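My structure is below; once you've seen it, I'll send some questions.
Chain IDs A, B, C and D follow the sequence of writing; residue 1 opens each chain.
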Amino acid sequence: MLIVLKPDAKPKQIEKVCAEVRAMGFQPHPMPGAGRTAIGITGNKGPVNPLPFESLPGVERCIPVTKGYKLVLREMKPEGTVIDLQSAKVGGGKTFTIIAGPCSVESRKQMDQVARFVKDQGVNILRGGAFKPRSSPYSFQGLEMEGLEILKETGAKHGLATITEVMDTSTVEAVSAAADVLQIGARNMQNFSLLKKVGKAPKPVFLKRGMSATLEELLLAAEYVLHGGNYNVILCERGVRTFADHTRNTLDLSIVPSVQRLSHLPIFVDPSHAIGRRHFVEPMAKAALACGADGLMIEVTPDPDHALSDGAQTLDFKGFEQLVESLRPLAKVLGRTLN
Amino acid sequence: MLIVLKPDAKPKQIEKVCAEVRAMGFQPHPMPGAGRTAIGITGNKGPVNPLPFESLPGVERCIPVTKGYKLVLREMKPEGTVIDLQSAKVGGGKTFTIIAGPCSVESRKQMDQVARFVKDQGVNILRGGAFKPRSSPYSFQGLEMEGLEILKETGAKHGLATITEVMDTSTVEAVSAAADVLQIGARNMQNFSLLKKVGKAPKPVFLKRGMSATLEELLLAAEYVLHGGNYNVILCERGVRTFADHTRNTLDLSIVPSVQRLSHLPIFVDPSHAIGRRHFVEPMAKAALACGADGLMIEVTPDPDHALSDGAQTLDFKGFEQLVESLRPLAKVLGRTLN
Amino acid sequence: MLIVLKPDAKPKQIEKVCAEVRAMGFQPHPMPGAGRTAIGITGNKGPVNPLPFESLPGVERCIPVTKGYKLVLREMKPEGTVIDLQSAKVGGGKTFTIIAGPCSVESRKQMDQVARFVKDQGVNILRGGAFKPRSSPYSFQGLEMEGLEILKETGAKHGLATITEVMDTSTVEAVSAAADVLQIGARNMQNFSLLKKVGKAPKPVFLKRGMSATLEELLLAAEYVLHGGNYNVILCERGVRTFADHTRNTLDLSIVPSVQRLSHLPIFVDPSHAIGRRHFVEPMAKAALACGADGLMIEVTPDPDHALSDGAQTLDFKGFEQLVESLRPLAKVLGRTLN
Amino acid sequence: MLIVLKPDAKPKQIEKVCAEVRAMGFQPHPMPGAGRTAIGITGNKGPVNPLPFESLPGVERCIPVTKGYKLVLREMKPEGTVIDLQSAKVGGGKTFTIIAGPCSVESRKQMDQVARFVKDQGVNILRGGAFKPRSSPYSFQGLEMEGLEILKETGAKHGLATITEVMDTSTVEAVSAAADVLQIGARNMQNFSLLKKVGKAPKPVFLKRGMSATLEELLLAAEYVLHGGNYNVILCERGVRTFADHTRNTLDLSIVPSVQRLSHLPIFVDPSHAIGRRHFVEPMAKAALACGADGLMIEVTPDPDHALSDGAQTLDFKGFEQLVESLRPLAKVLGRTLN
């Protein structure tokens, strides 16, 4: 940590800050600078609480240096994490993986139809929500256990890996039994009880970035899962909340290379939720591929205009086919393989 | 809902939109305007999914009108909700309630010392975290069940109502047994499983606004709790996430009169978490009182610089005393009673 | 405009709102809905001030429908605006135009070296700041008139069109005389005096999106220029300000298809300023091309680490060469021609 | 500045960074820390460009320490700047100054009526816009020179100081001749040409915070004015742009104590523009007073519902009277004098 002093900080004040650092068992390193002094701290094993120092006289502000994550750092696995889902390998920089399916599991027939279609398109991972986080208690909340059952059957029938959201600790076991990947939704990115629980689960975790999560918080949320013993985590950008109102959320694609620089975990993009408009899914999906994302999560359903949730951002079969067709040559020229 | 058409929308396109509205069982109301037509929808029982229409040719965008909340509306209880905690009545516009205590329960001795002190200062509700949501898995996570026990004993001993955070569905029962008010933290504001669960709990709920929650989402989160049957909900502003970096979060005090205009629920302010700097707690606490908040949540502990969490935003006893002294005359002149 | 009433609005209150609408010379259209009434307004020639109605009893909020822009709408020029700069044609969907050069014009030698290099790379438009908007008065402010002179000479010598920022009304004439395109920086996007002035200038305008400008405000700023008679406007996304701190600004690529849906004006992307880190310029540039942008603005200089401004986001020659090489096959597969 | 290295940075990489620091004429101070090394820089006279270092191998990020402002620092004038406008003294902590008047100067009669009224209410500074920055070119742009004339006459007649916005360098002289205080609007906060010009003007400057300006940028913008020789600057918070949509902007009152801690300049609050709703002006004005602001800027006009601009946020005479009445006892108890 770095403690920045005020321009007029007295030598006595500087000494008091140093004494406080020493009292914590660390070493202070005062550095006189242009107009002011800054004090570095060494000897700490983890992040130092920056805040106590800020109330000392003469201190302007503190700047944390050490981040709280370790296991997610690229240095831990420079070649990148690859997750083997049998039907598909995720991550590692060569493949570009499309996860597709409806927002909500609505019926066995719907899922069967979608599974057959996406498999034909070369997709190997099927999504479908059984438990649905909805802003309003009066909105459709998903088919729950029945939805899980349908998803599992459909995946098995078509040889597709499956992914679905788990919303609380009490259903982690059931979801782990039914699906191949456990999705943590954006609203639960800092539901630490849930993160600890899926850290013990036998299935990979697909962790969506919170609506206003920083890169650091996203990596720390993943660190919870890895810290629990589950090293198979996929991160996913799904748009963040800003003042901009032309899309539902603001898709922050620059997090893709930022994650890849810092961490070994695969990073996906969900343009459907980020944008909330079906006609912008294709351009943003192409952008995600072009900037190096490991894959996409795309909503598709036969009749999106009558879907029980999120219809307007969901592609129909024709739209999805067109999307895959537009991605294929792009992937090729970028040295990536669609799977 | 209102469907806004493009300036050059064809009559056929307008008719198609109307037909789609009718197909959903609603009535379309086309209104030719300045340069473009808009179509109102009536006959719906709840919010209409705005999105499907946006993909129809000729449609520019859709504007939702009906909100998804009902039970929280001021119209349901124009005089405002008053929550009786025995030691204090919360809400209703006359009282101004201070909830005080340390960020984390650290020991029996610490809690006893704080309880005695805050009671002396006229405070009737004691806070203290037993389960702590922390960004990093390596940070102190709270004393958990032991912390609950200490909080309960301390409250009973000093005749103080108690409030503590509940982080997941599996501990709602234990927390309900130990504390008088269940706090839902900002990161869990849209943990819908938890909201449903506390909607069935026998204790009032203190619901903190999420880091990037809109007023509508905050009210909808409360609606989940009321919908479950628990009508005793207190809302709390604790700062939102913006680009501004001079405070930890941006304290959005304008939500106080905004909530009061729309809803009957009490609204508190937590300046400690919002600002993250102890020296700004007093001015923002005074501002919260002045703009009409129903109360404050304030962090106080004997030795904040050595607290296990959030020390820099926590007042020491002297700072807290000074805060209460500065609030008292302000409350009086505003016709409010500190409790 | 749409006026949304409160659920319990009285018929008398509704009538009063209607009377007020009529008093303004417009027609009210009350529509009873699910739980509340909304009133549409027709007969207005432009946007209705939504705000006065919000203070009437019984009114919950007002929703503007008509936007204030007209000339920028795609409907005015469905095929899209193409701007002919002799050395390059900008816009229209087929070409992908790279504007390149240093952040600041620093010397004749530097500009000559850059011009020769970028021309070799197939670039036809040279950038270089003569007047520099800097947050601090103590930072390098540009070579000003001398910088303009150098830019002009360099462009002429190498047959490159030139672009440079104009910061105030008093230098519009000088900049118009020296450069082929007038850049309006993000901080001046709503400098309306300047927008009016460049609306009368004889050169195309390159209008950067403000740091927190909505799509509507960006289009309205462009409308000022078109309204002045200058129809040659290029828009440019350069990152917006959000809570996210892993890049200097958050690059909002979704504005590219959003602009193209609404407006006929070309839209560029400046990844250098948005990201502020040279190592992320290439992935975001590829993403911009993939999502359909009309072009890029890229900072390049021989020795970025010793540049007088913005060095860290600036590519060196090798980095730029690599960028162009990576864009070329991508452009080809997307049916675009680099120029 | 502090350069933070990656956990696995090689000694050679560390040495290379140090060499680069030395090459710039500064001294590097490597500090081995918990898991990684950080390098402090001393010997610099101003801020070091943090960015070049970030591209060196082994470097994770750079953290700037020295800010670019000096003249605005509280250390330069610990007692605080007091600006003498004859009719009122602004700043210094004892007075609480209300600036009031209509959004736009619309007619001699309107201004006369408002001036008489506000003077009666104890107000000593009259506002009124002659040049209006409007998002749309089709909105009312102000009476311009005629408006200036009316404002000047009205101020002189009633013995009120006057304040009005200056939008560009070409009208600074005219506005300086007509008004007692020059307002720089939020959209022009980083119009550096204008800041330089008013830095040479003979009248105090009222500088509104930009829509997404950080505290640092606000202070740097003021530094431009002081650097020009004009030491009489008043800062003003007027709401910032965030995701929150319940008010027009998010009023960031915590900037009041933040400015006061860092700078000697007075800080005002404009709740009218921040909130955009007349019914929330009073609570937020009280909050501004309570948290220590030096004054308010309030919009008031006889018939706000028919104002040519910003009617819904403007108080009528009755509303303003009520506001002043509610502020008076609050000011008294806080030891402040309304003026």
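Basically, contacts are C-beta pairs under 8 Å (C-beta built on N, C-alpha and C of every residue); 3 or more make two chains touch, one makes a residue touch a chain.
Quick caveat: nothing in here was measured; it's all calculated off a predicted structure.
Peer 1: Weigh B-D against B-C on C-beta contact pairs and write down the one with more.
Peer 2: Most C-beta pairs in contact, of the two: B-D.
Peer 1: Compute the centre of every chain as the mean of its C-alpha atoms, then state which one is farthest from the centre of subunit D.
Peer 2: For subunit D, the chain whose C-alpha mean is farthest off is A.
Peer 1: Please report how many Å separate the Cα centroid of subunit C from that of subunit D, as a whole number.
Peer 2: About 26 Å separates the centre of subunit C from that of subunit D.
Peer 1: CA centre of subunit A versus CA centre of subunit C: separation in Å?
Peer 2: Once rounded, the distance between the two centres reads 30 Å.
Peer 1: Measuring from the mean C-alpha position of subunit B to the mean C-alpha position of subunit D, what distance in angstrom results?
Peer 2: Roughly 30 Å separates the two chain centres.
Peer 1: List the centre-to-centre spacing of subunit B and subunit C in whole Å, with centres computed as mean CA coordinates.
Peer 2: It comes to 38 Å between the two C-alpha centres.
Peer 1: By the touch rule stated above, which residues of subunit A touch at least two different other chains?
Peer 2: Counting only residues that touch two or more other chains, subunit A contributes 46, 212, 216, 241-243, 279.
Peer 1: What residues on subunit A touch subunit C, complex-wise?
Peer 2: 212, 214-216, 240, 242-247, 250-258, 261, 274-275, 279-280, 283-284, 286-292, 329-330, 332-334
Peer 1: In the complex, go through subunit B and note every residue touching subunit A.
Peer 2: These residues of subunit B touch subunit A: 20, 46-47, 49-55, 68-69, 133-139, 141, 167-170, 187-188, 190-194, 196, 210-212, 216-217, 220, 223-224, 227, 241, 276-279, 304-306, 310-313.
Peer 1: Mind listing the subunit A positions that touch subunit D in their complex?
Peer 2: Touching subunit D from subunit A are residues 2, 4, 6-8, 29, 31-36, 38, 40-46, 63, 65-66, 70, 73, 75, 212, 241-243.
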